[in-house]
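For clarity, chains are labelled A, B and C in written order, and residue numbers in each chain start from 1.
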Amino acid sequence: MIDVILHALPIAIIASTPLLLAVEGELVVQRAGMINLGIEGMMLVAAMTGVIGQQLTRSAAAGFVAGIAGAMVVAALFGVFAIRYRADQIVTGTAVNLLAAGATGFVYQALRGGALFFVPPMPEQVQRLVVLLAWLVVPAALGLLLWMSRFGLRLRAAGENPEVLAHVARYRWCALAIEALLAGTGGAFLSLALSSGFAENMTAGRGFIALSIVIFGRWNVRGAIIGTALFGIAAALQYTLQAMNIGLPYHLLLALPYVVTLLILCGIAGRVRAPEALGR
Amino acid sequence: MLRLQHITKRFGDNLAVDDVTLELRRGEILALVGENGAGKTTLMRIAAGELAAGSGTIHRDGEIGIVHQHFLLVAGFTIAENLALQRSWRFASRRALEREAETLIASTGIRLDDPSRRVETISVGEKSKLELIKAIAKKPEVLILDEPTSVLTPQESAELFTVMRALAAGGTSVVFISHKLPEVLEIAHRIVVMRGGRIVAETEAHGMTASDLANAMVERTSRAAGVASTDSSTRGEIVAIVGVAGNGQTELAERFRKENPGAALIPEDRTRDGIVAEMSIAENLSLKSRRWNRREAAASASTLIARYSIRATGPDQDAGSLSGGNQQKVILARELEQKPKKILAAEPTRGLDIEATAFVHAQLRAAAAGGASILLITSDLDEAFALADVIQVIYRGKLSEPLTPAAAHERVGALMAGIA
Amino acid sequence: MRQLAAALLAVVLLSLCALAVGRSPVELLRILTLGSVGSRFAIEGTLLKSIPLLLTGLSVALAFRAGVWNIGGEGQFITGAIAALIASHLGVVPAILASMLAGAVWASIATLMRLWRNAPEVLTTILLNFTAIHLLGWCVNGPLQERSAQYPQSDLAGASLPVAGELHAGIVIALAASVASWFLLYRTAAGLRLRATGLNARAAAWAGINVNAQLVRAMAISGAFAGLAGGIELLGTTHRLFERFAAGYGYSGIAVALLAQLHPLATVASAMFFGALATGAGELQRTAGISSSIAVFGQAVIILLLILFGSWRSRD
């Protein structure tokens, strides 16, 4: 068993990098008091704009920039409705996801036939850099920003009791921008590094899995990393089990990540203290 | 300092502040007294710039600090983090924030230990101190305190008065909003009495007595209606739980609710827990019914609206659009019509006017006369003495032994402060 | 009125998508209209699509009215269809009952997780959608694959709904479900309790309503409707299962319910509108090569416009 896990570990770390970035982004947003279901759509759009950016410039860096830009647009849309119009966040997030699925589907069909969706493998160094960022640099930066700066203290206050702050909206917008930065990078990594281009609905629920891990991790950076790692290993076992051919049908193995996430959501022991103003 | 001229403010049809002119002197303690709804808080929120005046001019010099009755604290943060929210800094460790908090607290002369504690774990008195520290830290020229002693024990109040005197001696003007007359006479230099949005009296505190002030505050033609005497053998008992707010009353009510299914429940927070604002009066009145027929429900709602003299356009009006007193009557009608054996009434008259209060009291007495036993949770001692057969004091979640009203008169103050 | 304005404005906005692929918006609107209501065939297609939409819309409306975030219509739709296929050999009525039961059971997994571990149903229902999609994939590649094992699809169901022309009896069932939902919500004490819980769960609890029981009930009924939608789609329209069977009907139910302001009777009109949109979009894909996913895009635009027009504010 240990062997199996050790074998799965490197795959797990690379494959769950987009997920971790999404978890980190959603953590910031939820700490500011918002539930953004639209992160799924954010990643999906980033996956597409990332590929377009890469193909137009032939540069991986430009691909990431385009991915982040795409995510920013989706974040802005969510923010306008959830912050400016104070609309229900779950309804808004769901609408944003439908919008992203519809828009990417439309563009995908319109551009199909061109070679836009077959990107060359990403340079090894770039890939390593993003993995390093996601697993080490971002957690450290978020720890510093959220828990050791006045900005972070106020951002968290926006999520606990918006009444105490004069500029709640400002902090919530900042949180959304940070989320777009991270989830956009994650979405672009998904299409540029983990696959050779964009496919319809390719995020396959990673945004929702990210939300679940944020809860499992009790809105902490450490919990987010542990949760993602656990999930990553469980999901990587899917490939190992497949290779070992132990008789579980392929399609049921595909359901494994979601079942694991459901179990993760049920594995929250005891009372969890969510940000008090979450969703309001 | 602060000069208010001809200030007027309306909320809908309600004239909350009516042509008020008031000037504050440097280094004075001004008491603003009056009944609930007299316009004290509205006037001071206008003074502090939190509300826009309808008309009139405001002249301010320097910072105005205001401590609300309703705390503006982050429950999940520590004391130090709450203090750090308003200071300017960039990066700091939790330790550093705590050290700075300690220095700040010490400089105000208020005693508040261990700033690493989370606010949700500290007592109400401590929360109130924290709010005061936050306000003083901004070094205001004018400090407005809205009913600060309503959640304090006598010792804590005395401590607060010491701080207020020190601030005034240092040149700060302090406005003290209260309806507790003995306190006002103890601390204030000058007293302003408000009634119905207007200033009805303005006087130096020296030489005033509580009864002078009380006469100025209210124009009472008649007190609450008397009770018909009933046969004491079938009469249910009214037990009043009194105490400073935040000493476990909410938890006690919650426990009663869980342990007594089928009991009549009058919750403390009526808009949040008592009614469904978006539903009609008729629907709200039917929430406890096993069976429901729209036409019958409307008919019985009309009957109840008349019987409980609820001021409404009809059974289809949204309950959320009713005034507080009428919302409370809807709740009473729904709960008492079940002819319950047990009743929980938590702060049943908070925020209600004299007439509505008298009505609620009469209904509770009538229910007791009909045989229901009532648990009355209240922070209004007058209410407890007016209604209760037995009084118990709650302090830090623990109940004292049951006392007769006569015995309670002697001991209730000490018990509420936790020193008996 | 606002709803109508939002729907019309959304269609106009959609037509602008034509510019993106170098076509005229007017032509797109023409195809969209003709393709959805321009002929007897088109109208029948629209009505056929409206049937599952009406049921998933009712599913969402009931759940949201009770304050339960059931985003799991897609998964409940799929499990309903799988159960209907299995039970179809016993007859059409058992198959329909089985689809409702399966949908309710699948939704109740989320209820259990909420009551047992406080896992938010908004996430568990979505995750159950993905699980159901792969469960379906396994079924049509494994135990339920057609006997000839040629394609990843099932054999024809053992029973089917009575038909009249292109239409099937599902339309009657769906309309009956809509009236029944309205009656439940607005004419019974049980409905009063569901709505009170959805509007203010704390006040409901203080008025002696068992809030957890309302959650259990709302989720089960909501799941049963989504499951029924899947069962009817199988027994009336597709007659067999295949991998992309659900086709987004579960998610579309959210837009259907919101446009109807969560009112069960208005849901009928709303479902027909979205049915027409989906049918017209299919025609666009066939004749103009414009992706039918603009129908999904349209759903999102309508929800957002409804928010803008102030008919779907947060309750705080």
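The definition used in the following text is that a residue touches a chain if its C-beta (ideal position, glycine included) is under 8 Å from a C-beta of that chain, and two chains touch if they have at least 3 such contacts.
Just so it is clear, the model here is predicted, and its values are computed rather than measured.
Colleague: If I average the CA coordinates per chain, which chain comes out farthest from chain C?
Modeller: Centre of mass proxy via C-alpha means gives B as farthest from chain C.
Colleague: If you count the contact pairs for each chain pair, which pair has the most?
Modeller: A-C
Colleague: Any idea how many Å lie between the Cα centroids of chain B and chain C?
Modeller: Averaging C-alpha atoms per chain gives centres 49 Å apart.
Colleague: Measuring centre to centre with CA averages, how many angstrom lie between chain A and chain C?
Modeller: 27
Colleague: Where the CA atoms of chain A average out and where those of chain B average out, how many Å apart are those spots?
Modeller: 46
Colleague: Note which residues of chain B are touching chain C in the complex, please.
Modeller: So the residues of chain B in touch with chain C come to 257, 261-262, 265, 267, 272-279, 283, 286-292, 294, 334.
Colleague: Touching chain A in the complex: which residues of chain B?
Modeller: Touching chain A from chain B are residues 72-77, 81, 84-85, 87-94.
Colleague: Spell out the part of chain A that touches chain B in their complex, as residue ranges.
Modeller: Residue list for chain A touching chain B: 144, 147-150, 153-154, 156-157, 160-161, 163-165, 273, 275-276.
Colleague: Using the touch definition from the top, list the residues of chain A that touch chain C in their complex.
Modeller: 35, 37, 77, 81, 85-92, 94-99, 101-106, 108-110, 204-205, 208-209, 211-212, 215, 249-252, 254-255, 258-259, 261-262, 265-268, 272, 280
Colleague: Across the complex, what residues on chain C touch chain A?
Modeller: Residues in contact with chain A: 17, 20-21, 69, 71, 113, 116-120, 122-124, 126-128, 130-131, 134-135, 137-138, 141-142, 251, 254-255, 258, 285, 289-291, 293-301, 303-304, 307-308, 312-316.
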